[in-house]
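Two complexes follow with subunit A in common, the first pairing it with subunit B and the second with subunit C.
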Partner chain A sequence: MLFTDYSFIGFLAVVFILYYTLPKKCQWPFLLVASYVFYFIASPSYLIFIAATTVSTYLVSLKLDKLETIQKEWIREHKGQISREEKKEYKAGIKAKKWKWLLVCLFFNLGILAVLKYTNFTIANINGLLQAFHSDRQLSFLNLVLPMGISFYTFQTMGYIIDVYRGTSTAEKNPFKLALFVSFFPQLVQGPISRFNDLAKSLFEVHYFDPKVVSYGLYRILWGYFKKVVVADRILTAVNAIIQNPDTYQGGFVFVGMMFYAFELYADFTGGIDITIGIAQTMGITVTENFRRPYFSKNIKEYWNRWHITMGTWFTDYIFYPISVCKPMLKFSKFSRNTFGEKIGKRVPVYLSSFVVWFTTGIWHGASWNFIVWGLMNFVVIMISEELEPLYRKFHARFDVKGKAWYGVFEIVRTILLMSAIRMFDCYRDVPLTFKMYGNMFTHFDIRALNAEAFLGLGLSGADYLLLFICLLVILSVSILQERRGSVRDMIFASGAAWKYVVFGVLMLIVIVFGAYGIGYDQSQFIYNQF
Partner chain B sequence: MEALMEILENLHPEIDFNTCDTLIDDNLIDSFDIVTIISEINEEYDVVIPAEEIVPENFNSAKALYALIQKLEDE
Partner chain C sequence: MKNKIAKRAAALAVFIIVMLIALYLLQKLMMPKYMSDIPEGAMVEEYYQETTDHEVLFVGDCEVYENFSPITLYEDYGITSYIRGSAQQLTWQSYYLLEDALRYETPKVVVFNVLAMKYNEPQSEAYNRMSIDGMKMSSSKIGAIQASMTEEEHMLDYIFPILRYHSRWSDLSAEDVKYMFHKDKVSHNGYYMRVDVRPVDGFPEPEKLSDYTLGDKAMEYLDKMRELCEENGIELVLVKSPSLYPYWYDEWDEQITDYAQEYGLDYFNYEKLAPEIGIDYNTDTYDAGLHLNLSGAEKLSRYFGEYLTENYDLTDYRDDPEYAEVYAEKIRFYDEMREAQYKELEEYGEIISF
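This part shows the complex of A and B:
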């Protein structure tokens, strides 16, 4: 059941009505039932995996909580009777026990993810190696299911258990509440990857029907559908034509495909998240924002602070920092300072941890080399820009361009081009082919090939291109308004009673009339559902 | 405190660490800076700042960061 299926709209309507008509104490339990029904419809066999993650995390979180309580009680009982060293030793003992339990939980759950998602990838690589060494032996691939949203809910749940281990989150005593946190249906398939502390309060508290909150949510849902079915699914036709026919569409069309994919992915993923956040908002639930107008970023680091924010912060908090500041890394940092000097040495922890983060980010997106290379390309670009930082500083000290509007536009365009170019690995899904197409973009560039006839051959009509252009202008205008003046919905709701209905009606009409539903269109699943 | 100020000022000479208390909130220092600061604090004070202590409240100002160092030294 996709967000774009009519059955989902029906499911949503039923959930919404029941959510507000059932007794208030039943609201969150009902959401749990709805989430499991949603998951059951996707595939009954998937339930076992999400249930296993929930139960194992719940049991370990209770164990961690118990150890924390034991420690507190012991310290209270022995207050004034023990030395600082004894207290320190006791705490270290408890911490070691907690660490073991955390590892059990992480191995079990990340193990499920790893086995289901990466076994066949590993087999393919082993087969490749066997072939390279002229062996006739080949391993058979396993028939494994990949449960819907497993990458998202596993990361969300592991974030929770690490927070409990660290003491930054308390263990949820009610297993059904934890089950809802893990399975909350709007965010199950493509995130955001929420933190327990951010989501729990509004997820479990009672919500009364508030017309303004519901209207805001509906607006957000509609805006998401507009981006998904009017823009992303329409442009997808042209993107597919280009990337699936690399022998036909070369030179300038590689660039066109790259840019079209950049806008398709933006409309698809941000549209999906708009729908997720909007659905939650109609029920009074606040889900963390996942985007902050990423295409206004002036450099790649800023881009990753604005794009898929919850994934970025997850990797920073749970992988980058722990690796960077662990004792062995600090020792290695000391060693490298002594060996390579202060300048290079102090970069070592940052660079090593970043490498791990980007490798993991790549493989998290998909079990194939194109995603790994995509991740590592991000790493390379970020490291190069770090190294060039002194040069940038000198440039900006010499030329006063930093505050100039044209320079800001240049930086934005440069970032969009760079990110779109890296994303070609995601687009062509084949590493050698992507490198070939990079070269092809320049060696086969012929401006005459970019004619109207060729564009119409991509499966879109002139009217489609005009509509896409207008839609992109609308999205751009809304983004500029959000960037400069804040919430556009606030502006609409503040500008007279009729306006909110007019804008909603027009948007609804556009989604119904211009949504890519017709023959010839491939009404696709969301790109991030596959991850 | 002087050693800490020196670490911070070497990293970002353009920031006034005596007055600024929004280092994280205003994105004045990023994750790379934080790791570099932690590594240098480890050198200078022989204190390991664990990952769970990397929260905005501890890194928003030089004062908060120094308080964290003192707390970890006492533990």
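This part shows the complex of A and C:
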């Protein structure tokens, strides 16, 4: 059941009506039932995995909580009777136990993800190695199906259990509440990766029907559908034509494909998140924002603070920092400083941690080398820009361009081009081919090939291109307004009662008429469903 | 407070009404009109414009709506008839179109062309649309949709056709605006007229099939059609229209013959009787033997009309003033179209506008 299926819209309507008509104390339990129904409809066999992850997380979180309580009680009981060393020793013992339980949980949950997502990737690599060593033996691939949203809910539970381990979050005693946190249906499809402390309050509290909150949610949903079905699914036709025919579409069209994919991915992913956040909002639930107009970023670091925010912060909090401060890394940091000197030596461990983060970010996106290379390319670009920082400073000291509007635009365009270029690994999904197409973009560039006839050969009509141009302008305008003046919905709602209906009505008609859905369109999954 | 809620409710109600009207108008605009191209698509809907009843109702595919001329039946025998046919109309679609027609009238004879019995599965969305879109909303339409949908289709797309035809926004023409609320007549009581001639020039040899058994779904709907006729005191006649292609295998013919015998129905394979009817595939077809042209259709209608008159208690409506008036207009339209087609044929060497 995709967000764009009629059945999903019907399901949503039923959930919405029941959510506000059932007794208030039944609201969150009903959402749990709805989420499991949603998951059951997607595939009954998937339920076992999400249920197993929930149960393991619940049991271990209780265990961690219990150990924490035992520790507190022991300290209270022995207050004034024990030395600081004894207290420290006891705490270390408890921490070791908690660590073991944490590992059990992480191994179990990650194990499910690893087996289902990475087994065939591992087999493919082993087969590649066997072939390289001229062995005739080849391992057979397993028929494994990746449950919907497994990467998202696994990371969400991992974040939760680590927070409980660290004591930054208390363990949820009600298993059904935890089950809802893990399975909340709008974010199950493609995230965002919520934190328990951020989501829990609004997820479990009672919500009364508030026309303004519901209207805001509906607006957000509609805006999401606009981006997904009018823009993303329309460009998809041209993107597919280019990337699936690299022998036909070369030179300038590689660049066109790269940029089209950048627009498609943006409209697809942000559209999906808008729908997710909007659905939650109609029920009074606040889901963390996942994007903050990423294409306005002036450098790659800023870009990653604005794009897929919950994933970025997840990797920072649960991979980057733990690695950076773990004992082996601290030892390595000392060694590095002693060997390479303070200036270079202090950067080496940071880069090593970043390398791990970007490698895992890559492989999290997909079990194939193109995603790993994509992740590492991000790492390389970030590392280079860090290393060039003194040069930038010198440049800006010499030339006063920083505050100039045209320089800001240059920085934005440069970042978009850079990120779009890196994303070609995701686009072509073949590492050697992507490198080949990078070269091809320049060696086979012929401006005459970029003619109207060739563009029409991509499966879009002149009217489609015009529509896309207008829609992208609308998205750009809305983004500028959001960047400069805040919520566009606030502006619409403040400009008189009629406007909120007019804008909503027009947007709805645009989605219905100009949406690329139904027969005649190759309706696509949301790109991030696959992760 | 109450006043505020009432205001909000009123605003919401106005919004919903405006949206419904906008969607209705957009739907009317987006739906294909089938006026200058593929007129077969407009024929199912035309039935509802009829002001007089019919004693004979034809149901079936192109072999009915291109091969039988109700106007000839009226002119020569005073028989009132109508063809509820569309391109590649499947057996279950014929059943539901018959069921739909019975909501408005009860004919004495129903004639079903059996070529569609060769199909046991939904075939094509485009043809489904031509058979179903024109039907008025009813349980028969819902039944037709359910029975006809291919895997890629969705019931909602039929109930709210804008969901299907929204993608026509970039193909809209002046015709879509002109025929939003009213369409020109394209058929003559469901008959699609063609006066041009294209002699037969051979067809590939029929392929051998692994199984000649007519499908269970097709048979199920033939049964339903027969039972529906029995319930309403209607005589069901099975025919196989004259056509050289697609092939109508003897094995299929035998099964229909046996079925007709079992239930005491008349069944005529006019393909075999073509010489007796006087059909000449060098002059009586406009597409090299697939379908009859006006000359062929009139010959077949005269032949069939004689059988109908002799075997069923049909009224000669030529003497009925009400019918005479209605049919005078129909005959005028029939003659005008024939003349216009001949004129085009003379001018351009082919039929362009029909």
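The working rule: the second predicted complex is superposed on the first by the 528 of 531 C-alpha atoms of A that agree within 3 Å, B and C clash if a C-alpha of one lies under 4 Å from a C-alpha of the other, contacts with A are read in each partner's own complex, and residues count from 1 in each chain.
Simple rule for what comes next: contacts are C-beta pairs under 8 Å (C-beta built on N, C-alpha and C of every residue); 3 or more make two chains touch, one makes a residue touch a chain.
Remember, predicted model here, so these are calculated numbers, not experimental data.
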item: Which superposed partner A:Met491 touches (first subunit B, second subunit C, both, neither); value: neither
item: Touching partner for A:Tyr6 - first (subunit B), second (subunit C), both, neither; value: second
item: Partner chain in contact with A:Ser353 - subunit B first, subunit C second, else both or neither; value: first
item: Touching partner for A:Ile480 - first (subunit B), second (subunit C), both, neither; value: neither
item: Which superposed partner A:Val14 touches (first subunit B, second subunit C, both, neither); value: neither
item: Contact set on subunit C toward subunit A in their complex; value: 8, 11, 14-15, 18-19, 22-23, 26, 30, 125, 152-154, 156-157, 162-164, 166-167, 169-170
item: Touching residues (chain side subunit B, partner subunit A) in the complex; value: 27, 30-32, 34-36, 38-40, 42-43, 48-52, 54-55, 75
item: Residue ranges of subunit A touching subunit B (in the complex, touch as defined); value: 88, 166-168, 301, 305, 316-317, 320-322, 324-327, 330, 333-334, 337, 346-347, 349-350, 353, 386
item: Contact footprint of subunit C on subunit A as seen in their complex; value: 6, 211, 461, 463-464, 497, 501, 504-505, 508-509, 512-521
